[in-house]
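Paired with chain B in one complex and with chain C in the other, chain A is shared by the two complexes that follow.
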Partner chain A sequence: MVTPVVELRNVSKYFAKVIANKNVSFSVGEGEVVALLGENGAGKSTIMKILYGLYGADEGQILIRGEEKTIKSPKDAMTMGIAMIQQHFSLVPTHTVTENIILGNVHGKIALKKYDEKIKGLAEAYDFDIPVESKVGALAVGVQQKVEILKALYLETKILIMDEPTAVLTPQESEHLMGFIKDFAAKGNSVIFITHKLKEVMEVADRIVVMRDGVVAGNVLKNETNERELAKLMMGKELAPSEKIGVKDFSEAETLLELSRVSVVEKGETPLLEDVSFMLRAGEVFGIAGVSGNGQDAVCEVISGSRKLTSGDVLCCGQSINSYTIRERIDAGIGYVPVDRYRDGLVMDMTLAENMMLKSSFSKRWTKHGLLSRKVLNKYTSDIIRDHKVKAVGPEETAKSLSGGNQQKMVLAREIDVGQKVIIFNQPTRGLDMGAVDRIHRSIIGEKEKGKGILLISTELSEIFEMSDHIAVMYKGKIMGIFENGQLSTERIGLLMAGYTGETEASGNEK
Partner chain B sequence: MLNILSRAVMMCTPLMLGAMAEVYAERTGMMITSIEGIFLMGAFGGFVGTYFTGSIVLGMLIAILCGLVTAALYGGITVYMRQQQIVTGTAINILAAGFCAFFYRVLFGIPTTPLKIATLPKIEIPLLSKIPVIGEVLFDQNILTYFVYLIIPVSYFVLFRTSLGLTLRSTGENPEAVDVAGLNVNRIRFLTVLVAGAFGGLAGSFYTLGYLGMFTSGIIGGRGWIAFAICFLGNWNPKGVVIGTLVFGLADAVSIYIQAVSGGTIFPNELIIALPYILTIILTISRRSFNVPAKLGVPYFKED
Partner chain C sequence: MKNNIKDVLIYNVGAVIVGLFISACMLFFLKVNPAEVFAEAFKKIVSDGYTTGEILVKATPLIFTALAFSFTYKANLFNIGAQGQFYAGSIVAVTLSLLLGGVVPTVPLIIILLIAVFIAGGAVGALIGLAKAKCNANEFLVSMMSTYVVAAIMDYLLRTVLRETKGEYLQTDPISKSAYLVNIIPGTRVHLGFIIAVVAAIGVWVLLYKTPLGFRIRAVGCNSNAAELSGIRSSKIYVIAFLISGGLAGIAGLTEVNGVQHMLLQNFNESIGSFGIGIAILANGNPIGVIFAALLFGFMNVMGTTMGRLPGLNIPSSIIDYIEGIVMICVIIAYFLRRYVNTRKDKKLLMKESEK
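Let's turn to the complex of A and B:
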């Protein structure tokens, strides 16, 4: 048998008393693409961070080309030809592409011109279009990822680990990446590809290692498996498919929220939003697709009131709410589930009960004789914990002690209560496992059926397609078109997400 | 007039050194909030060292050592124990003030007249000092000032043209990137703080060794903080530091000059002494865009 390039033998890792990885064993051969598949928190990233020297393993061995090695730091890993591209890029935004790539790998005086040329050559060899003299912060996320890849190539990496690389890419960019991975592996290199997307796995991997709860749940060749089996391995059970919703006729429905030619321009900068117009009607899920950072957050903030618009109008039930304060908007029945629940959704050091009254602390419902009634608040919170099946001890528990999915359920419950008319969901399922995603999708559909207007912003196309009645695509602060669900192919939406309007614009049937 | 300019250049010396020390450290994400204390320790160490050994060179070395030790204390607490930089720095500043006042008393008792030492001699650079105006202003200074002439262009080159500079700048912008590149973030930060401490100690010794020839507990009088502010105003760039320092050096020299000639009759003395500080506030407010290192003041946590 051929010696594998990387072999993990019974590697275990514990954080405090939590088991992150237990007896993980698998190997990667030369020229092989291995997908590490699993839900969030399954331990995929942890095991790869061990291989890359960011964490130390508590038990087990790592063999590189048959020899046992201790990898104490990324530097060690690099000398063995291992590179890892993290989910959050490790780039210095204020420095140029070249400076980022040579960081830590040059000595003494830097002849920048020479390195610029060298890296340009390397980029061309792999068919990457990268302006090496630009500041990284000015580049699109997809291009930044290529810079990360180039960094690895520059170090003559033989074993490339990529953590959820397609999460930030448009479908076309993903395809380009898949092409690169195949090329790179064909040259005799090995790739380990961390993902939770079954489709990618089937497209690019030679072999699939499925992880669940920190252990290897399956190790199968692609040719001998299918998506259904993989999903089962991943979840440990089968998911009931959610029924597909037919597109309703909304011409009679009341318009709950309307944005009319909304622009947001900070002085001297490119507009955050430009002429954004759309309508959201009762009982409708209006989906906004797009690569993150294309103005979606600004749309939410303009509606919720945390950002001032430069021109245009936001109307709620036909009335302009431009001059409304945030609190007045809350009173008007606009709920908002922000994208970053750590930063904007919850106060992590406060109890669940306190978090539940964050947005309605002024409300009389919590008080008795002008004083806050813990009893009322705790009762309310306990009900929510029960109704939404939140895994929490009780209302007095701090928010930070909950898992991400359970935290999100709490935010969701609060905003559903606040949003009696309109609820904005900004990437509500980001970073959650499939079980939690399923619950949240069901909650959204429940609210829609009550006749609320739902604004759903997501970078996951599958989520947009599954949930929305109408779909808008955003690119650089502009709406590229509004479509009925079913009118758009994945390919077309991908082009729109990348800013190409294309020749079929006329058939787009804009509202 | 020439006298004022020459004096301005002289008064620039410690500010420029201190501000350069800040630039290095802050580029790695470390605010040296203990700079006032480091200046004071340097001034004290320089005075005591020179007084007892009789050698200004040894005095300067002791000043550098004092700055180094103070910085090591600050760096140990903020880098390795990850404590809040502003609080730690403030505490060390208070500690330094107490330390110097106490040990001055222990070593010298309460002298009726302040103890004096000889100050650094001015060195005329042959030929250069004969250039009209410029020669007198720039090339009739003490050795520390010449050292500063050297350190500014060298610093610029190091920061922007060498791999060391790239590493330092990256550490303040995105320490993860530095870590992933296989470099030790905390060691980089700690060593930079030490270098800054050495510079700061030397800068502080200027006030005793290069200027007054004696030590008082109020000798620094907030000039460490001014160096701190110059680093901000100079946009974390040696070029900006030069401009910023010249403005303050001039203000300092003018205020000393006016005090000397007017004896407090034209302007109230207090207002003149306050001039550099008022200027700090005005310039800080009026500075438009800042290029702050993204992770300034943020300790680096490596998981695990």
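Let's turn to the complex of A and C:
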């Protein structure tokens, strides 16, 4: 039997209140691509962080080429030929590509020119198009990822770990990445990549390790499995497909929200938004597709009121709300589920109950004689926990002790209550497991059916296609076109997302 | 939650004992027997009612300055300038007492003074808050430097308009007896100020945890982004938090001028601001905890003075500075120890559960 390059034996990791991994065992062979598949919070990232030396294992052994090793830090991991590309890149934006790559591995006086050449050669060898002398901060996310990969290659990595590498990429970029992974493995290297996207797994992996609730739920060869079986392993049950919505006629429906030629330009910078116009009507889900960072956040911000627009109008029920404060917009019935719930959605150190009153802290509904009524608030929160099937001990649990999906359910519940007219969902299911995604999708449909207007921003095309009545594609702060659902193929939308117009524009009916 | 409070108490009391023990050992360097000195000083404090009362007297202003720090701390702001806000309160207290003492009857006078010192300290605080809100100035530095500005103004006033009629020292005339905060325990110097302090601490607790405003302050403190997106203007909260914080520190001016010194003099109580910070940390920012932590510091303060007065031993009373320092360090270490132990406990529990 061939000795595997990496072998994990019964590795367990406990955090203060949760079991992150329990008796995780699997191995990776030379030249093998292993996909680590699982829902969020299944313990995929944790086990890889243990292998990379970021966390210490509480129990179990790690064997590298048959020898037991203790990996105390990423430095240790690197000397063993292990590199990990984190979900959030560890690059210095103000340094050049070369500087980033050689960081930590040079001493004394640096002959930058020499290194530039060296890195350029390395990039060419792998068919990467990277301007080595430019600052990393100026590069697109997809290119930054290549810099991370190049950094690993520079260290002569034999085992490459990638955490959700395609989350930030366009379909075309993802394809390129998949090609690289195959190439890299063909040279006798091993790749472990973490993902929750079944399609990628089937495309590139040799073997698939499925994780659920911190344990290995399955370890199968790609040739012997299919997407259906993997999904079942991932969730422990089969998922009922949510019904497809037919395109309705909205010509009679009331317009709840309208953006009219909205532009946002910060002094001396390229515009964040340029001439963005669209309408959102009662009972409609209006989807905005696009690679993240193309102005979607700015759209949310000009509607929610946290960003001032340079020109144009935002209208709610026909009335301009340009001069409204955030509080007035909340009172007008605009709910907003922000993309980053840690930063913008929840106060992690406060209780669930307190988080529920965050947006209505000025309302009298929580007070009795001017003092907060714990009873009223706790009752309200308990009801939400029950109705939305949130896994929480009770209303006085702190928000941070919940898992991501359950936190998101709490935010959603609050915003559904706030958004009596319009609810903005900015990537509401990002990073969530399929069970939670399903629940959230059902909630969105439920609100739509109540006649609210839903603005759905997502980078997941499947989500956009599944939920939306109309779809707009954003690229560099502009709307590339508005289409009825069903008019666009994945290929075309992919091209629009990458900024190509051409014949696709002609075939799309502007609304 | 109840367990948590018990934990905090156990660890903090333990830390204080360890701290006292370590500082006691340091007394060997002074060639005295620490056990004897401590016992002697302790006996003196307990047996002498006047000295026991001094603990409350010393604790009173500390409660206010510690509350001042705790309050902004909840909004994730640092008010290092309680000393200056205290001086602002003192100036107003002494000025109004000199003007109105004997003219206005005691009860309405004290109420007027209470409001006035709160406004005085609050105004200084609000200016710091405004600098933070409007110019994004670093409130830590601005508040720290504001102390020097107010101290300089106080010095100037003591040299000019407020100077005593004799013109001998840099101090004011004594205020009229009718402006005194009444003595509440005969035979000691304990005055009404202590009651006001305790009520203030409870009031701060209610404000922070039972009112929507307090909720908003804490929300901004924990996550200003989320608060802002929820329609809570953090800039407004900064000003309000600093105003109340400064006001609380200002009240210490009333308790010290009208309760203890009965006049204003140069370098008046110059370290209650910094002690307030330590006390607030010891109490973990909890307003009720502040009362007890301040009492502890009051006790240590009296202990130091008493030790310095023990005949024939020649112990410098400044010894208390290092005792308080060592106790402080022990409390901070205890905080981290407690967190570490709890994490391990949780882990062990999990391991056991998962075996089943």
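Please note the rule applied: the second predicted complex is superposed on the first by the 504 of 511 C-alpha atoms of A that agree within 3 Å, B and C clash if a C-alpha of one lies under 4 Å from a C-alpha of the other, contacts with A are read in each partner's own complex, and residues count from 1 in each chain.
We take it that contacts are C-beta pairs under 8 Å (C-beta built on N, C-alpha and C of every residue); 3 or more make two chains touch, one makes a residue touch a chain.
Model, not experiment: these values are computed from the prediction.
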{"item": "Which of chain B and chain C A:S304 touches, first, second, both or neither", "value": "second"}
{"item": "Partner chain in contact with A:K389 - chain B first, chain C second, else both or neither", "value": "neither"}
{"item": "If touched residues of chain A are counted for chain B and for chain C, the larger one", "value": "C"}
{"item": "First (chain B), second (chain C), both or neither touched by A:T367", "value": "second"}
{"item": "Partner chain(s) touched by A:K359 [first = chain B, second = chain C, both, neither]", "value": "second"}
{"item": "Which superposed partner A:E99 touches (first chain B, second chain C, both, neither)", "value": "first"}
{"item": "Partner chain in contact with A:I330 - chain B first, chain C second, else both or neither", "value": "second"}
{"item": "Partner chain in contact with A:M78 - chain B first, chain C second, else both or neither", "value": "first"}
{"item": "Complex contacts: residues of chain C adjacent to chain A", "value": "1, 206, 209-212, 215-216, 218-219, 222-223, 225-233, 342-343, 346-347, 350-351, 354"}
{"item": "Residue numbers on chain B that touch chain A, as the complex places them", "value": "161-163, 166-167, 169-170, 173-174, 176-183, 291, 294, 303-304"}
{"item": "Chain B contact footprint on chain A (complex, rising order)", "value": "54-56, 73-75, 78, 84, 86, 88, 90-95, 99-100, 102-110"}
{"item": "Chain C-facing residues of chain A, complex", "value": "12, 14-19, 22, 58, 304, 306, 325-330, 336, 338, 343-350, 354, 357-359, 361-362, 366-367, 370-372, 396"}
